[in-house]
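Encoded as structure tokens, the structure appears first; notes follow it.
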Amino acid sequence: MIWQFPTLTALQSTEALEQLAIKQRVIDSSLGGTVPEYVLERKIETSNPFNQAYWFPEQASTYAESVDSLYMDIFFISLVFFVAIVAVMVYFCIVYRRKGGVIAPQPSSSHNTTIEILWSVLPSILLVYMFVEGAGTFWEMKVPKTDSEEIQVIAYKYGWQFIYPNGDTTSELHLVQDQPVVLKLQSKDVLHSFFVPAFRQKQDIVPGRYTTAYIEPNKAGQYRLSCNEYCGDGHSKMRTACIVHVSQEDRLANTEWKKPEYSAWENGEHLYKIHCAGCHNINSIAGTGPALNLTWNREGKTAGGEAFKANETYIKESILYPSKKIVEGFGAEGSISKMNSFKGILSETPGGDIDHVIAFLRYLQDPDSVSSEKLKDLPEEKPAAAE
Amino acid sequence: MADQHNDLPRFNHPASIKLLLAVFGSLIGLTVLTVATSAVWPESNLPADLAFPVAMIIASVKAFLVCAFFMHMWWDKKFNIIVFLSSTLFAALFIGLTLLDTGHYQNSIDNFPRNEVAQPPE
Amino acid sequence: MVDKTQRNKIFGTPETTFLNHSKGFASWAFTVDHKRIGIMYMIGVTIALFLAGFFALVLRSHLFSFDGQGLPFYGKLSNADYNQMFTLHGAVMVFSFIIPSIPGALGNIVLPMMLGTKDVAFPRMNLASFYLWIIGTGCLLAAILFGGGLDTGWTFYTPYSIETDTGVIYATFGAFILGFSSIFTGLNFLVTVNTMRAKGQTWFKLPLFIWSLYATAIIQVLATPVLGITLLMLIAESTLHIGIFDPRYGGDPVLFQHFFWFYSHPAVYIMILPAMGVISELISVYSQKRIFGYSFIAFSSVAIALLGFLVWGHHMFTSGQSVVMTLIFSAITFTVAIPSAVKVFNWLATLYKGSILLNTPMCYALAFIFLFGIGGLTGLFLGALSVDIHLHDTYFVVAHFHFVMVGGTLTALLGGLYHWWPKIFGRMYNDTLGRVSCFLVFVGFNVTFFPQFVMGARGMPRRYAQYDPEFQIFHQISTIGAFVLGFGILGAFLVLVHAAFYGKLAGANPFKAASLEWQSSSPPDFHNFTHTPILNDPYDFDALVYDEELDTYISREFADPAKVPPRKEPVHH
Amino acid sequence: MADAAHDDHHDHGEFIAHHFDSAEQQFDSGKLGIWLFLVTEVLFFSGLFVAYTLYRNHHPEIFDQAHVFLDKYLGGLNTIVLLFSSLTMALAVRAAQLGRNKNCGIYILITMVCAAMFLGVKAIEYSHKWDIGIFPGSLFALNYQHPEPTMIAGISDYLIWISMIPAILLVLFSVASIVGLLTKKTVFSKLMLGMAITVGGYFLGVFAGYSYMEAIMDHGDESHAAVTVEHDDQNIHMVSMTIDDEKSGAGHDGDHKEGDHAHAEGDHGHGGHHEQAYDKHHPDPKSLSKDVKIFFSIYYCMTGLHAIHIIAGIIALAWVYWRCLLGHWRTDYFGPVDYVGLYWHLVDLIWIYLFPLLYLID
């Protein structure tokens, strides 16, 4: 077992997804019990270090290629410099070695400003190239396209949960080829880091805030996904798979979706994050709209000077017909609200989405006032990740 | 400004008592001024944004007086002055760059629902 | 010109030296002599090196197989034990070994002598620095004995370091104390160099080792206090929950990283700058040639020290730092490459037309150029943003900083020890065995860490107790290399220890070196010099002539004029 | 030290260390050394200033809510005490420069007394905060009835606990001084007397702070009716923090009702900042942001670290004072006074910034 060399079976990248079986192997875990581990076989060129395939796993995202090519550029630049330095060093050591113990240095210059300035300035041109190239690709990695799908990633000790726009969850990441995705990452406990080598993408996950990672997967296949920031005893167990499907249909059919069990307010919060968080804060600071943690049961005035109380009726009306009663300070009387109507987007039925949002608003004011009983049958929404 | 003491070694520059007392007087004056400003400012029509810079300017004037005369910087070697002032430069660098960065990502913290942060064990 | 008896008294074998002028435990424990403190530091850091090296071998053995089965005779390490091993390896190596190694051991002994003075400016503070080192290291190790170990990684990242129930408080307190030890050394060196140089020794007549120690000391004084307050705040966070770093109480973990790296990036230069200074000395002495581009090397040290304060964010490219700051930090990071490259080019130019003696210290110097070359160049990969995103926190980074820290600093430390050993103990080492151990270090090092570049680029994350089988072959090569490296280092120290007791007498200046410390007897007198040293250019090797009677090199001024060969015209351009 | 092997050409004075060539070199080294040490001090504090700046920038509201618990007049008193100690320190350095050991000793003693007095006032401030549950970090539990009233003669038991240490020191120093007098160890006796006087300074500070609190409390009680009607800031100030909160139970309750009323009114405000309308000098714990405790964490870290520096300063000053008594200072050897002086001024400098940053937020 110890001397068993790894098998580097070539896997044709064009193979259909059906052939991509996840091999599950159970290995002994010091954490107690057993933990399944995904062993992913990947194609790696093993003989030629001058080829980028030697250094890198498969390229499965749009920017992977430019990362690799910059790497190889720096590799060759470094190689030239390194070989030159070592060759010069060895050459000097042979030619000018002390012979017979006689100390006889030959007269030579001890400084030469021109040459010193030259060898300071010329390499820096290469450095500028490296910076510009690296920064350009970095920008691509960071700035999402507008039509990207948003997937919530929750990292915890020691595992992953991926929540798709319809609320379904998986414990592996399932993406669709050529469908850009923004991952909104959050951590349940300590620092983690999202890393998929095939995408060349990595992002730390910081508790208490969101971080985002943007990916444009462009090649179907199954890749390693690992935690890259030390998080405790199970750090090296915090691995899963990232599966890029050829199409949306394929993803729907070949994924084991887990339907979540939410309580009303939890679903409300989920809806808040999807639909409201852009304009409404929940930290007492007004954003484009009023802060929602102060909303429930609040009494105030509309832009027109009319008094209102933020009860169920008012909130329901504000979500469905935002322009009717604009809160003072957020728009003129009679103008069109900055907020879009959510009619047809959030269900109005009793026990539906709007009621869940209201439960969330109440929860924000007083967590004890809201039942935490789980909802067994969440209303069916759009199909998974439909665009 | 130092007293004339020709018999002293050249590294010895006693400051005059008058000067020290004058500096002390100004320091007390500035302290009273800054407390008074802070008491009056909120009620006055002066722009609220300026209260903090004004307090800092007063503090810096006080710091200058202490450094220059109590700490003898006025008569000290230039090198020592550079050494000391460099510390504020590096502290400013530390504060500045960190502030710049946290300012950029502060949104992602503010928008994070606080109840989702793992709660401390009771 | 002095008479023969006096000359022999100055350069001959001395009767009393700093080693034997007083005896007994107390004469060492309460000494304020910089040389004795230096030797105590040397022993201390060596123990720390072997301890941390032992941890390294344990964890490398563990990684021999992908599922954590370890070596057949070795048994198995649990994940928790593995995490403790890499943490202790890192923490002891960084805080107790590398940072104090060259300044504490070599700098303490050599710096005052290079300045022709009797001691550092504050000798008692120097002793305090050593005792703080002992207390600090003791606290670090107390984490193992009383605190249930330490498993945070040497970086103590929050919130993990607050949540874990291992001895983080012991360890952070230890690192806090070690920080003060480092500050004391740096402060002492800065003042000594500023106020206590020999008469007529201007800044540009200082050996480059002094320049590099000076630049190091600037960092120690400016950056280390920030580590102090960071660790205090971390302790306050884990005991009182002050809510600065812990998100559960409203804090920001990324802020901790800013705090930590504001110190720890400059600390990287605390580790490497003195090594560069040692190499500058070695290259010029063993080529018997004036160092090429003295002022460029001198200023590049200071430039590295100051630029080092502007690039801490490059440890945080993936941490959730803002995009704007990431771009800024990346751009500044590349500028640090220039002064480092300048040094390498200047060392090569010094070799040109020299008279190169390939003895043990020079072998280490050449190994340094090779290994630091790789370490420095791989830094470019990590400075380039897009590539760093992929390589961050993988074995590529592990390999990169080991090439700089071990391939750089440890190699330079060994080279420096071999270079100054005859001066410190008055005895010569076995050069053949020295070179053999140097070769083992060089080969073992490359075998250990080169495969890690490949692993890293292929996506092997660091700090993994278990890993995918495809990486196993690289880990196996690496583990074998680590044992070779361990034997090499052990051998290098055995050769030195043997030399200190049984080596041939070395003479005052066996290597024809021109800086002032070689104008004392070997070992030096308690007061360093029994005469006022004659100030000459530290790189003017023609100022020295061979004295047959003493079998060593002495200044022309002391030599018999009849036997002195004519002075070559110095070449100045 | 100067053994035979050490052929010393210099006329080394009594206090010139063997490795220095001249008094000037020794002085310059010491001076550069202390400046560098001050550099490390500035950077040491810089970490806390970073924390302060960030939280003030990103969460101005918690600073707004929290600053009402700090009394700018007590802070101002401490500022003046420290500035005065700086003056006497500068005078002490001057006396040492002129070789006047006795004057120097007196000035140092005054400096030490001021330092201790500063700590006394701080003890009043701290114990008041603890009385109402303002503890650092997660211990923070603002509650005007906190803790159970266990005060002795109207004095906070926290204050009594803190004052135990100086009280013990006072006894020890006094006894040591008398013993020294009896055994004719004059210098030792004087040193101990000086230390006893220094500790006395602490109680002076406690007394000053306590009297001030009493005064504003009395003032507040007399004009209580007027206060609530006129909303006179000066008069209502600190009512919530007077140590007699529990004694004047009735008035206190009334105050709360007043506050509850204001709260109810405040609810009708708009923009979600209804807590702002609440009586700003007596805020309801529920109306405060959860993060207010971070302000107090920063406050305790900054002022606590500063107080530790004051204590270290007193120890250093005591050493200088001792050497004054021994008559060590001469016109060519006064370095240690100067160095300790520089350190003391730095402690003052840091307070000069801490004062407006923490106390004068409005």
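Each chain carries a letter (A, B, C and D) given by its place in the written order, and its residues are counted from 1.
As a working rule, contacts are C-beta pairs under 8 Å (C-beta built on N, C-alpha and C of every residue); 3 or more make two chains touch, one makes a residue touch a chain.
Keep in mind it's a predicted model, so treat the numbers as computed, not measured.
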By mean Cα position, the chain sitting nearest the middle: C
Interface with the most contact pairs, given as the two chains involved: A-C
Chain centre separation (subunit A, subunit D; CA means) in Å: 48
Interchain centroid distance [CA atoms averaged], subunit C/subunit D, Å: 42
Whole-Å gap between the CA centroids of subunit B and subunit D: 17
Multi-chain contact residues (two or more partners), subunit A: 189, 207-209, 211
Where subunit C touches two or more other chains, by residue: 194, 222, 226, 241, 247-249, 251-252, 254-255, 258-259, 320, 323
Residue list for subunit B, restricted to those that touch at least two other chains: 79, 86-87, 90, 94, 98, 102-103, 105, 108-110, 114, 117-118, 120
Subunit B partner contacts - residues on subunit C that touch it in the complex: 194, 222, 226, 241, 247-249, 252, 254-255, 258-259, 262, 309-310, 313, 320-325
Touch list for subunit B against partner subunit C, complex: 79, 86-87, 90, 93-94, 97-98, 100-105, 108-109, 117-120
Parts of subunit C lying in touch with subunit D, wherever the complex brings them together: 16, 21, 117-123, 183, 187-188, 190-192, 194-196, 221-226, 228-230, 232-233, 236-237, 239-244, 249-252, 255, 258-259, 525-527, 530
Contact footprint of subunit B on subunit D as seen in their complex: 23-24, 27-28, 31-32, 35-36, 38-40, 42-43, 46-47, 49-50, 53-54, 57-58, 72-73, 76, 79-80, 83-84, 86-87, 89-91, 93-94, 97-98, 138, 290, 331-332, 334, 338, 341-342, 345-346, 348-349, 352-353, 355-356, 360, 362
Of subunit B, residues touching subunit D in the complex: 5, 7-15, 17, 20-21, 23-24, 27-28, 31-32, 34-35, 37-39, 41-42, 51, 55-56, 58-59, 62-63, 66-67, 69-72, 76-77, 79-80, 83-84, 86-88, 90-91, 94-95, 98-99, 102-103, 106, 109-110, 114, 120
